[in-house]
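Naming follows writing order (A, B and C), and every chain is counted from residue 1.
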Amino acid sequence: MYNGGKIIIGLIIFAFIMTLPIWYNLASDQDPSLKDYVIATKGVKGKDRCVLPKEEMLATHMDVLDQWRDLVVRDGERIHTTPDGRRFNRSLSYINTEVETILNTSYSITAEGDTNSTIQVKRVKAKHLKDNITAYSCIECHSNKEQFCDRCHTYMSVDPYCWDCHIIPEPQLMEVAVK
Amino acid sequence: MSETLKQEELVQIDYKPPGTGWMDTKPDIRKGKINWGAVQKSVEYLDLPNPRKWSPTDDDWQLPKDWKKIILEGMRERIEKFRTFQVFMDICVRCGACADKCHFFIGSGDPKNMPVLRAELLRAVYRKEFTLAGKLMGKMAGARDLTEDVLKEWFFYFFQCTECRRCSVFCPYGIDTAEITMMGRELLSLVGLEIDWITTPAANCFRTGNHLGIQPHGFQDSVDFAVDDLEDIIGIKVEAPVNKKGAEILFVVPSADYFGDPHYFGFLGYLALFHEIGLDYTFSSYASEGGNFGLFHSNQMMKRLNSKIYMEAKRLGVKWVLGGECGHMWRVINQYMDTMNGPADFLEVPKSPITGTVFENARSTKMVHITEFTADLIKNGKLKLDKSRNDQWRITFHDSCNPARAMGILEEPRYIINSVANNFFEMPENCIKEQTFCCGGGAGLGTEENMEMRLRGGLPRANAVKYVHDKHGVNVLTCMCAIDKAVLPTLIDYWVSGVQIGSVHELVGNALVIKGEKERTLDMRSDPLPGKEETEDV
Amino acid sequence: MNALISFVAVIVLIIISFVGAQTLGLSYLFAVIIPYLAISIFIFGFVYRVIKWARAPVPFRIPTTCGQQKSLSWIKNNPIENPHNWLGAFIRMALEVLLFRSLFKNTKTTLKDGPRLVYGMNQLLWLGGLLFHWSFLIIFIRHFRFFMEPVPWCIKALENLDGFLQIGLPVVFMTDIFIVAAVTYLVLRRLTDSKLRYISLVADFFPLFLILAIAVTGILMRYFTKVDIIGVKDIAVGIFSFNPVVPDGISSLFFIHLFLVSVLISYFPLSKLMHMGGIFLSPTRNLANNNRVVRHINPWNPKVKMHTYEEYEDEFREVMREAGMPLDKE
C-alpha cells in the first residue's frame, strides 16, 4: 500500500463515523429503547378515554394540538366535542382545577369596594364555566409531563415549543382535581 | 491542405449529439482527422512491438493475433501501477463539467471529443473486464466489449487529444483526461498502433539527440549559422560552445529552436543574452533536444529520451542545467525527470552566476527555466533594455498548456515581456493562464494529414487571438513552446490574419542593449527595427 | 431510455419492499436482515475499494496547476491553486471537498456568429451539486437521532439549525426542501441538456431516482402520513445496539424508505458513488507542485534501454571529428 498511513487513518475515521451509533449506544449504557413504554396517565374519574384512539394520538397529537391552538387563539373555540359526545377543554392548563379552586375558596373581604366586586366577578365567571363546561384539559389527565411528554420527546429528540409559552404544570395541583 | 478547408464550413459546428448512442456510433476515420501510422523503421529502431507498414485508413490494421489479450494484460498492469488510472476510471460521475472545456469538442462538436466520453471509451472496457457491476450488468452499467472497432475508436480519439489538461482544471475530482489518453496510447502502442509523428521523432531523438534526426555536425552547423546570423544583426560574433566539458551550465533547448521558424529568432535571443551576461555554458549535440516525444508515447519512452539530459550533464561536468522555451519539455522536467532519471546528486543547486540568486525551486531537479533565469536578471537590473526596439509589435502571450497546467509558470514570461516591450495585451480571461487553450497540434498531432482537426481544435485559441487582434491591433502572439511555434503559424493564418508568432526571448534579443554592438537596425528576424526603415534604404 | 430504466428499477424496488413487508409480512427481513447486510456491504465495500486504490502507487507527481508556481521570491505565487507544500495541498483539497472549488469555475462555451466563442459563467451545477451534497450530509447526520440514545446535543443543535425557520408542524427542515429541489434539478439537467443525455448511463440516473424516492418517502413520513416513530427508533437503535426488534404496526412507508436506503448503501461501493472516497486520492489535486524541490519516488521506476553518449559518439565519431567537435575517444 502506498501513502498507507494517511489512507488508513482516513478509512478509520470513515468507519468510525459510520459506526458511531454503535459505539455511542454501547458507551451510553442506557436501556437504549423505549419498546416497553407505557403511557403515563393518571386518569380522571369518568374520563378514561382520550380524544382519539391511542395509535392515532401517538402519530398525530402534534397536529391536534396545533389545530386546537389556532381554534382557541383565533376563534375562541375552547371546547372540543368528540363524535361520541365527550367534551374536552383545548388547553394545556388546569382549567377545570382552577375553576374548582375559585369556587371552593372562601374569600374574606378585607378591603373596600373594588376588591369585593373583582372577586364577585371571578366567582360568577367560574360558576358559569363550571356549569357550562366541565371539560378537562389534556394536562388534567396526562398530568406528569416528565413521564408523559418528555420521555418520548427526548427519545426522539423532539423539542416542542409548547412550554415556551405555557407554564409547566405542577403535578401536585392535580391532587385538588382528583379529590 | 488548410487551403481546401473553408472557414464557413468549418464553423458550422453542430453541438447536438447524433441520434445513435455513442457505443453504436462509429468514428469517421479519414484523412484530415487522423495521423498516419508510424513507419516500420522507427518502430524497429525503438524495439517497439508489431512493426509493419500500415495506415489507419486501411480496413485491416494488421494487429497481432492475441491483441485483445495484450491490451487487457496491459490494462491490468497499468491498473496496478497507476493510482491515477484506477481512480480516474472509477470515480467519474459524468457531470459534464469537462464537456465543453476541450478545444477539440468546441471546434468539432463530436461528442466523443468531450473529455468525459473520451475517457468513457476506455472506461467502458474497464468496467466490462475489471469491475463487478460491469460484469454483472453489462451495458446497463456502461460496460462494453473490447472489439477491433472499439480499438479503432481508441486510436481515433486518443490521437485527437493533445493531453492539454484543460479538462482537469474544471473536473470536480481533478480527473485528468490527458492521463487517460496517455494510458490509452501506451496500450495502443502495445499492439503496434503508433502514429508516425510521435514514433519517428522519438526514434530520431533517441539516435541523434533531436527530433529531425540531425547528426552532430548538422547541429554544429545550425549553431554556427545562428552565430553568423546574429553577427549580421548585432555586429558581434558570439561564442556558442557545443559539448564543452567543464562549462558551468548545460543549456538544453527544444531542437526546433535551432532550425525551426519562428523558433530560431528566439534562439538568436538566447545567444545574444548569454553573450551579454558572459555566461559560461554549453550546448550538447547528444542532448540537443529538450522536447520529449516520449511523453506522447509512454512513460518508458519518456524516460529513455529524457535520460540524456542528466547523463550529458554528468559527462560534461556542468554544475546545473538550464532549459529553453518549450512546453512539453517542461512538463517532463517539472513532473517526471527527477523521478525517472534522478537523483541528480552530481549537480549543484542552481545559482545564477550573474545575480547570485539561488533557484530554490529547482533544488532537487537542478534544472531552471530560461524565463525564470532571465526574469531574475532583469529584476536585478543586470540587463540594459531598450523597449522601443519592440515597438513594431503589439503583443499578446499564449500560455502553453504544459507550462500553465503542469508547472504554473505564468508570471515569469509576462514580467519579461513587460520589461522588454511596451505594448502588451492579454487575451480574455477564460483563454489564458490555467484556462489557456491548446494550439490544437500538441502531443504529436501537429501533422499535415490531421489538418482539419488541428484547425478545429485550434479554433478557441485562434478566436481569442482574433479578439485581441481586432480590439488592440495585436500583431504578434508570443509563446514559449516549440510545438506552439510550429503549429500556430498555420492555425493563426487560417483563422486570423496578420498575426505573427514569436518567442519571449526573441523580444529579449530585440530589446537587449549589448556592450559593443553596432548600431542596431535589424531585429532578430532581420527585419528593420522601428524608425530604422529609412536607414535601410539609404 | 436510460432514465426510464432507472426509474422503473426504483419503482420495482418500492414494490418489492411494499409487498415484502406488508403483504408477505417479512418485516424481520426488511427491518433487520437487509439493513445489517447493507451496512456491512457499505462499510466493507467502501474500505475494500479504497484499499484497492491505495495499493496502486502514485508513480509520478502530477498535480494540475491552476495558478502561479513558487519560483523567484519576488513573484507572487498562488499557494492554493498551485500548492508548493502539504499545507497548500491540504487547503486545496479541503476547498475542493467542502466547496467544490473546481466546479465553481465552470464556464459555458457558446459559439456565436463571426465565429466568436464566448465563455459565460455557469455556476448552476455548482449550486445544485453543493445544495444536494450538503443537504444529504445534514439529513444523514440528523438521522442519528434515530440511531443514538440518548440523542447527543450536537445532533439536536443541527436539527434546530436546519429547522430554524420554524415553519409548520412538525417544523420544516430546509434540507428536505433543498434536497428534493436539487435532485430534481440534477435529473432534469441530465434529461434536457442533449450533451448530458448523451453521456448519461443507467448508473447515472439510478442513484438520483433512488435518492429522490428516499427523500420523498422520508418527507411523507415526517409531514404527511405519520408513522410510529417511537417504533421506528426502536428498530434503528435495536440495529445499532445489536439488539434488533421489530415492533408491530409500523407503516409500510417506513419499510420502503429503509429498503431503498439499504439498496443505496449497498450499491454505493459498486458504483460511481465511490467518488466520495476517490476525491481524496486524486493525484492531480492532492499533491503539491514541488517536483523540482523534492524528488518524488516511483516504486517501480523501470529499467529502460537508453542510448548512451558512447554509443552516440561511436556512431558519429567521424562526422564529429570533421566538424571539429570535441570527442571523448579519439
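Assume a contact is a pair of C-beta atoms (placed from the backbone, for glycine too) under 8 Å apart; a residue touches a chain by one contact, two chains touch by 3 or more.
These figures come from a predicted structure and were not determined experimentally.
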item: Category of the chain touch graph - line, ring, star, complete, other; value: line
item: Chain nearest the global centroid, as defined over all protein CA atoms shown; value: C
item: Centroid comparison with subunit A (C-alpha atoms), farthest chain; value: B
item: Chain pair showing more contacts of the two, A-C and B-C; value: B-C
item: Inter-chain centre distance, subunit A versus subunit B - centres from mean C-alpha coordinates, in Å; value: 76
item: Intercentroid distance (Cα basis), subunit C paired with subunit A, Å; value: 44
item: Subunit B-subunit C separation of Cα centroids, rounded to whole Å; value: 33
item: Subunit C residues counted as touching two or more neighbouring chains; value: 54-58, 281
item: Overlap residues in subunit B, where contacts from two or more other chains coincide; value: 83
item: Touching two or more other chains - residues of subunit A; value: 2
item: Residue ranges of subunit C in contact with subunit B within the complex; value: 5, 49, 52-62, 64-72, 74-78, 81-82, 84, 96, 100, 102-103, 105-109, 111, 115-117, 119, 125, 129, 193-204, 270-272, 274-275, 278-279, 281-285, 289, 291-298, 300-302, 304-309, 312-313, 315-316, 319-320, 322-326, 328
item: Interface residues, subunit B side, partner subunit C - complex; value: 11, 13, 15-17, 21-22, 47, 79-88, 90-97, 99-101, 106, 111, 114, 116-117, 120, 131-133, 140-142, 165, 168-176, 179, 206-209, 215-217, 220-221, 242-245, 285-286, 299-300, 303-304, 307-308, 311-312, 315, 333-336, 338-340, 342-343, 357, 359-365, 367, 369, 372, 375-376, 379, 404-412, 415, 428, 430-431, 433-435, 459-460, 463-464, 467
item: Parts of subunit A lying in touch with subunit C, wherever the complex brings them together; value: 1-4, 7, 10-11, 14-15, 18-22, 24-26, 28, 30, 32-35, 37, 55, 58-60, 62-63, 66, 152, 154-159, 161
item: List of subunit C residues in touch with subunit A within their complex; value: 39, 42-43, 46-47, 50-51, 54-58, 144-145, 147-152, 155-156, 159-160, 166, 169-170, 226-230, 233-234, 237-238, 240-243, 245, 247, 249, 277, 280-281, 299
